[in-house]
Amino acid sequence: MYDIAVIGAGIAGCSIARELSRYNVRIILIEKNSDVADGTTKANSAIVHAGYDTKPGTLKARFNAPGAQMYERLCSELDVPYKKTGSLVLAFSLDEMKTIQKLYDQGISNGVSDMEIIGKDKVLEIDSNLSDELVGALYARNAGIVSPWELAIALAENAVENGVNLLLDSEVTNIEKMNGLYRLHMEDKLVEARLVINCAGLYSDKINEMVAAPSFKILPRRGQYNVFDKSLNFVNTVIFQCPSDLGKGVLISPTIHGNTFIGPDAEDIQDRESVQTTMEGISYIWEASARSAKGLKPNAVITAFAGIRARSSTDDFVIGESKEAKGFINVAGIESPGLTAAPAIAIHVADIVKELMGGLGANADFNPARRKVLRFIELSEEDKNILIKQDPRYGRIICRCESITEGEIVDAIHRKAGARSLDGVKKRVRPGSGRCQGGFCGPKVMEILARELGIDIKDVVKNSRKSYILTGETKDKSLYEDVHDFAAASKKI
Amino acid sequence: MKEYDIAVIGGGPAGLAAAIEAKKHGAEAVLLIDRDKELGGILQQCVHSGFGLHIFREELTGTEYAERFIKELKELRIEYKLDTMVLNITEEKVISMVNKTEGLVNIKARAVILAMGCRERTRGAINIPGTRPSGIFTAGTAQRFVNKEGYMVGRNVVILGSGDIGMIMARRLTLEGARVRVVAEALPYPGGLVRNIVQCLEDYDIPLLLNHTIVDIKGKDRIEGVTIAEVDENRKPIAGRLQYYECDTLLLSVGLIPENELSKGIGVKLDPITGGPVVNESMETTVNGIFACGNVVHVHDLVDYVTEESRKAGRNAASFVKGKAAEYGLPISTKPGNGIRYIVPHFIRQDKVEHSVDLFMRVDKIFTNKKLVVKSGDTVIRIINKAYMRPGEMERISITAESLKTVDNLSLTVDVE
Amino acid sequence: MEKGIVTCTICPIGCSMEVIGARSSDLGYLVKGNRCNRGIEYAIAEVTNPTRILTSTVRLNNANLRRLPVRTDKPVPKNLMLDCMKVINLVEVDTPIALGTIIIEDILSTGANVISSRTV
């Protein structure tokens, strides 16, 4: 029996589970996929938004700027790479400059600091690859970039270190309320909890409807991206265009690991699993981003991906206890700026929980810091040698595109909430994220996974349980019925 | 810091031949560095035959070809390091590398030979739309699993791209009991060698669809199928000309890209067309004493040519460290003209050409009954009649030292006429 | 009499050649579509008795490498390739093995041996 069950281990669920692990409560974090950060959290723009863009009075506005301000400390506690790059919203006409002014004013009322409206020359000084046709921009120094999945994974790891139970591969299919307790049914498990926090992302409306009448709908909206090789080094800041009804428009942005990406488009879809890219979507982001900057070359693209925003029909975050189901807290519709807002949302949800539970005692053993991640390539020459002496596996580079060592991969597997699949390793330490996309390192990473997890290499998967990679062995005798006739026909030496 | 005459980066066919030849030509301390656990590079996963017809006048498998060179390297007592990754090379030829036993080590060489080979173009690089399930492999990765590790990558296979490795894997997987349904090629002509089309596809009744590409990938966990579309001359899908193929595996054989991250770090100039270093007749890059050979320079279709080119690099690196670097006149630059995508080498120093120099090039489309014409200004230097040329097969033209003397404006152009 | 269409693999042109049985010809066949004479012999062989070197692997015990590359030491009839594979796939060998070691003698009575194509 748990005090709290958090459904969904994306950025929201992980943030909340980790925040609640500060207190003396029994928490279980339940995820339907085989890894944490496997839904929208692993496929979005990865921007820490300054907060000028949200309408005052909305929950988005309420949590955006405070969330952004928490990033520096949070990422340092959890040893997650984060960079305050600043962002530019480009204007290409005087009309758009008016929008820029509105955004600035909105930012002021949302409590955003360090903003400035700047002219063309200054914009080009910051990012010289941008289009010559721009007129000016809103420059927000507090915007930044982060790896959303690395942050969610770090939050989950820290939560588990602090006593949270993590349950993967467990899809909640039904929720009953009995004797003041919620009973969460999964295919082969049953979990009981006093409170339930619904962080189920794209499925949060479905989870809500297991205990209450529909009060919001998730309207999935897909966005597609292209990622470029590191050698491109195209922009220093996050480049936005003036926002429209469909969202923040197509951006050009650096990633925290030094790549560049363009995207997303915004396409309303029915199927919540439909994370495929399309020719139309990719051509659209090329056309749209060409407005901000020319000179991006298709042959520098290393990958494409699509993510689905969990947009709520209420057009705002849905956060709070269900009116119909006591002790059932929705944290839904966490689309942009959800990543940025997540740390602030987590604190707010902890306050709701405190109220519902009549106060919470502190977890005396809570440790906010995650054990440091040794990133071989970032160490000094001396430290590299010390490390290799201690553990020679740090001397074996597995991923040559990103210079990732065997030691780092083994560590990523054995940490709490560790990697169990090829994508799991990729999300944590990035082999396969580089220009060869795993062509060289894939087989080696599979070998390490099999060895460290004590499984057959044929059972190593890409991500989900059914995403097998190898289909068997060569020399498969079972393929031939008449095999014995042939055995007799030849002499073996 | 330990010093060497020559450091060779990469122990595949290029690195092996270069190291051996350098040693044979008087370089004393030669060090060969490879990231894998054995020498031979990709040859060790090439169990098929077709190697060595030019160099040994025999048809060998990739493994047999590699073994001859590895044996010679060992007989010559050339030092080599395995499981060792080179992290960086400076213009001063300081090489930082790392392995499990020695940790991070810096060495200094008087000359460096870059022989890192190439990598495969991936799905991402060609932006195939669709989901991202498991079961999508580059042909070379599949080859490694099947041939070296002994694992099957699929039972019901579609192949995109008619590169040689893709076709060879079509046969290999068929022989291991898989069903290869189709090979789709976006171009109007096949990418690989005719021999492979016949012996890997036709022999096993595997259809090759030219002017076709994949426009959608289906499957959430494992790939379940692909949609193949016919394309027009601009490689754009033709509306309505679609066919869905169920499959559990997709192999990509859509091109190779020279692996030049280390070269970029040194500051070597790269040719945007080949993706490899700009080199002169001695296979020396734009940085003094840094040589390059094999697929790191340009992608070859025959390993025999890699060997020849690498021997040249090894020889010249040896003469470089022996201090035979004299002053040379201004080099002649080679210029790809009409119908030619690129020419290697990019520069020729006349005084360095003893008898002749070979120009390697690829045409940009299929030509029948044309001539390859080498010119300097209006002066025709050589004409070769060609019944048939296609981008998949490298063309080679030998230019004698004599005829180089007739070059007056320091430039040589090759045109298809 | 056999006849057929053969794509020549002697050179990159890949002529499409038609082979027709003809008693009147010295060779017993007429070959059409070849641009040079080198293709004639190949074309006739391809319709009468096409052969290929078969390359594959066999299971390898007690080594880091899990498969040993092998090949036939001479071409075997094309139509026996899959049958040869069935024989090859039954074989397991132990290290050490030198390049050229005979792994299967006279496979399916073709006269060809299957030999190791690397040293392990």
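A, B and C are the chain letters, set down in written order, and residue numbers restart from 1 in every chain.
Just so it is clear, contacts are C-beta pairs under 8 Å (C-beta built on N, C-alpha and C of every residue); 3 or more make two chains touch, one makes a residue touch a chain.
Source: prediction; values computed, not measured.
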Legend entry - Chain closest to the middle, measuring from C-alpha centroids that were averaged per chain: B
Legend entry - More contacts between chains, A-C or A-B: A-B
Inset, instruction - Indicate the whole-number Å distance between the mean C-alpha point of chain B and the mean C-alpha point of chain C. - result: 27
Inset, instruction - Round to the nearest whole Å and give the separation of the Cα centres of chain A and chain B. - result: 37
Inset, instruction - Provide the C-alpha centroid distance between chain A and chain C, rounded to the nearest whole angstrom. - result: 53
Inset, instruction - Pull out every residue in chain B that's touching 2 or more other chains. - result: 149-150, 176
Legend entry - Multi-partner residues of chain A (each touching 2 or more other chains): 474-476
Inset, instruction - Any chance you could list the residues of chain C touching two or more other chains? - result: 57, 59, 67
Inset, instruction - Note which residues of chain A are touching chain B in the complex, please. - result: 226-227, 231, 273, 275-279, 281-282, 298-299, 301-305, 381, 384-385, 388-389, 392-393, 395-397, 400-401, 403, 435-440, 442-443, 457-458, 461-476, 479
Inset, instruction - Please name which positions on chain C make contact with chain A in the complex. - result: 57-59, 67, 83, 86-91, 101-109
Inset, instruction - Could you please specify the touching residues of chain C with respect to chain B in the complex? - result: 7-9, 11-14, 35, 52-57, 59, 64-67, 69-71, 78, 81-82, 85, 99, 117-119
Legend entry - Residue numbers on chain B that touch chain C, as the complex places them: 37, 44, 47-49, 59-61, 63-64, 66-67, 147-150, 175-176, 193-195, 197-199, 202-203, 387-388, 390, 392-393
Legend entry - chain B residues within the chain A interface of the complex: 35, 83, 85, 87, 96, 98-104, 119-120, 122-125, 127, 129-135, 138, 140-141, 144-146, 149-155, 176-177, 215-217, 220-222, 237, 248-249, 261, 264
